[in-house]
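So, here's a batch of structures to check.
In the two assemblies presented below, subunit A is common to both, partnered first by subunit B and then by subunit C.
Then we have the complex of A and B:
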């Protein structure tokens, strides 16, 4: 029964990780920007959602809309004013990474100053667990998380496969120069990737705020998980990132079966480490690890 | 006031050692590690344990710390041989998080969150170091030594091989450089020298716990190297001085609530990192040194 409980918890966690990781992978795949400030977007979304509901007592839809608006604006800002100027004079991965990391530090501390540094949770009836079998506690939110993740992935997939912009994004991932030859604007497509990828953190952040709770440092943790999931799944593959997210969520949760809870995060990083050493391309990756 | 300045100077020296050694792999070998605090920690714990359990003096404890750190650095060298760029950053992040769990959970050895206290003062054959002023001399001496070692290595043929690998791994390997061995040695040297800082830190404070070796520390060290200037000898030291003086300067600024000083400090680092990357990716010192062609 404990195993089943952990499995359900793991799927819920995995859904949250997968949503964030897919956003990260979408941005990285199409623009080649290693957007480590993705975790900052997550923090912003989580806190805005919490603030709208707990402090302002607005309807949850308003909270979500506000979070989407701010996070998309943040993504577009990063692309336009941080990454693009850097890439204009130097495309080095290192430079982009440091700037994004700096941004993550800024957002984490600003959020801490404005909203406080404690753990905050949005309490809704959905997150109240009921005992559906002896010793098995499940909250509706677990099901919602998994359904939301699947719906978003199907939606994203349809968008990428069947719309003009979606095709453009996939083309951008393959060959930016060719995109320009075809008369499309890579910068406009990059903006779409950043907006869309950032928006994907909103459901994940809202779900986290309603289940485990959020604190200003959560962005760094989420960033690590997104990174790990993207690499485990294979850089360049959205499907891989989603699987990677689920795998890491499950592993983190199932680890509690045999280990103390403090070690569960370590399990994630052992998996990441093993993948990097033995299979750097990930299980669905097309990119080569050793360049 | 003098005691305060003395303490600040010791901490600056210790951090400068860490920044200089991080720069050795980051600036010259292009190995972008976010796990440098791990080796600081391994050094501090090893040194503390050798001093307490075996009664080792400063030299013996530091030597043991360097050996342990170099050994554990293989865990960082392994992914560095397989992958570059973003993959390696992720691997080093993974190592940092893993080490943090070990530091805080392997209670028999590290004392868990409570840490190890009552570390005896640093002993040398014939005398003992106890006053803060003596520690300052010791720390400055170690810093000078570490900088000398790094400077000599960078100028040697080994240093040129490193830079060749950083700039083009394939070309370097085509020229007959053994990339794997050179990278492994670079990581081991950097980690061993970082352990010196750990040892100093343990003896100076006579207390170590996991708080000092978190991802935050690794990020600060990275910020020191980047703000100061990568691939320069003096840059990381400048960075260490600036970053440690900042909280001191901020706490004298009137009107700032004390509880927010930590956050404001971090925001200033973050902002400095972002702005430098946009306008001056070579770092403050690196800009002046551009004529040498090292970037």
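Then we have the complex of A and C:
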């Protein structure tokens, strides 16, 4: 029963990692910008959701809408005013990384100053597990997390496959120069990628605020795992990032079955190293040089 | 309102930055976590110390204005040592407020070498009693807390089977060591001990293992945001047993957490309505923070006031305020009238104070059993 319990917990956690990882993968895959500040968007979304419900007593849908509006604006701001000027001048990967990392630290401290540096949680009955079989406790939020992740992935996939903008984003990932030849504007498409990718952290952040609670440093932590999920899944593959997120969530949870809890997060990075050494292209990523 | 709070924070940060500007002040240092996941403690501790400084200055207890220079330890030993070196070598303070077992153990040799007194009001590891003459504690250490709590849980509440979740740092290790001694001694058993990494934020799987062990009581030996995450996730994941912690459970994050309601923790027995000093601090704290004070507020207020009283005596006798003289004076005096009653320093630099067991009730904690004397 313990194994089944850990499996369910792992799927719930994996859904959160997968949503964050897919957002990052969409941005990185389309624009090649290593947007580490994606974790800052997660923190902002979590706190705005919590603030709307706990402090303002607004309906949860309003909290979600506010979080979406702010993190989309944050993503667009980062693309327009941070990454684009860097890329215009030199475009070095390291400069982009440092700028994104710096923004992550700034947001973390601002959130701490405005909302407090302690632990916050949205207390809802959805996070309370009930015993559905002897020794097996499942909270409604576990099912919600898994369903939300699946719905978002299907929706994103349909968008990328069946809309002009989606096709443009896929084309941007493949060959930005060719996109220009077809009369599309890469910067406009990059904005869409940042907006859409950032919006994907909102359900993950809201679910985290309800199930685990949040603190100003939560985004950096989730981002680290999601980054590993993106690499394990295969850089550039949205489906791979989703699989990677679920795999790492499951691994983190199942590790407790036979190992000391101290190993639960280490297992994530053991998996990452195994992929880097034996399958550097990840689950579904393209092998180097295949392009 | 939030913007106002932001501006106040910025103003406060600027004010701290400006503190060392004048050479006419008497300065003390504070090596506290002002950023990172434990910044909530730094804010709490420094606010309590700031009120003590306000009181000392308002009452003109010293010949010059007393100011506090704060350096950020981030609650990590590495950063704590960097901050301590700055306070000792650049700011040249004779007295430094410290917190957290790991940080305190790391900075003690720096203070010892420079003959600068470090005073801990938040770390609880029993090792803190063995860090030399220049390291003092104004908080009863966790061996005393465990000695006060375990007989109550086993003998009076009939909670015999203990499960422990402890963080992988010196504080967590110290609590495990004490529970391994005192639980069996009082007739209980340790049915499960799980160590969690400091950065871990996911405890649903651990909750399943706790349920499987079927304890009567679950002891949570962590701190900062992590202990709140543990409490929430244990409760959300079907752990219905009595939860207990140590004095870190008195942090506002835990006391306001709905899932923590009913949890027990030991801490100093502070009667806020008792003497004039306690009443004054409680009144000013409520006015500034709009909430009830806890034992940490008393500790950091007391830590500053110990300095003020020692410095006052040194000024009166014409001796300079140095770490060496502060130590000599403390050994000569021994007992101080402080918030919470008489504070008696033991020869190893720790204090003997009565303890109490509190229950989390959404406020500052309901007194369950008081005046517990353990030494």
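Everything below uses one rule, namely that the second predicted complex is superposed on the first by the 287 of 291 C-alpha atoms of A that agree within 3 Å, B and C clash if a C-alpha of one lies under 4 Å from a C-alpha of the other, contacts with A are read in each partner's own complex, and residues count from 1 in each chain.
As a convention for this text, a residue touches a chain if its C-beta (ideal position, glycine included) is under 8 Å from a C-beta of that chain, and two chains touch if they have at least 3 such contacts.
These figures come from a predicted structure and were not determined experimentally.
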item	value
Fit or clash - subunit C, subunit B, common subunit A	clash
Which of subunit B and subunit C A:262 touches, first, second, both or neither	both
Which superposed partner A:196 touches (first subunit B, second subunit C, both, neither)	neither
Which superposed partner A:173 touches (first subunit B, second subunit C, both, neither)	neither
First, second, both or neither for A:97, with subunit B first and subunit C second	first
First (subunit B), second (subunit C), both or neither touched by A:85	first
Partner chain(s) touched by A:135 [first = subunit B, second = subunit C, both, neither]	second
Subunit B versus subunit C as contact partner of A:276, first or second or both or neither	first
Which of subunit B and subunit C A:113 touches, first, second, both or neither	both
First, second, both or neither for A:156, with subunit B first and subunit C second	neither
9-17, 153-161 or 261-269: stretch of subunit C that collides with subunit B	9-17
Doubly contacted subunit A residues - partners subunit C and subunit B	109-110, 112-113, 260, 262, 265
Touch list for subunit A against partner subunit C, complex	2, 5-6, 9-10, 12-13, 109-110, 112-119, 121, 123, 127-129, 131, 135, 137, 139, 211-213, 215-218, 221, 252-257, 260-262, 264-265
Contacting residues of subunit B [partner subunit A, same complex]	32, 78-79, 82-91, 93-95, 97-98, 101-102, 104-105, 215, 219, 222-223, 226, 260, 263-264, 266-267, 269-274, 277-278, 281
Residues on subunit A engaged by subunit B in the complex (per definition of touch)	34, 82, 85-86, 89-90, 92-99, 101-106, 108-110, 112-113, 220, 224, 227-228, 231, 235, 260, 262-263, 265-266, 268-270, 272-273, 276-277, 280, 289-291
Subunit C residues touching subunit A - in the complex, by the definition given at the top	2, 5-6, 9-10, 35-37, 39-40, 43, 168, 194-197, 199-202, 204-209, 211-212, 225, 228-229, 232-233, 235-238, 251-253, 257-259
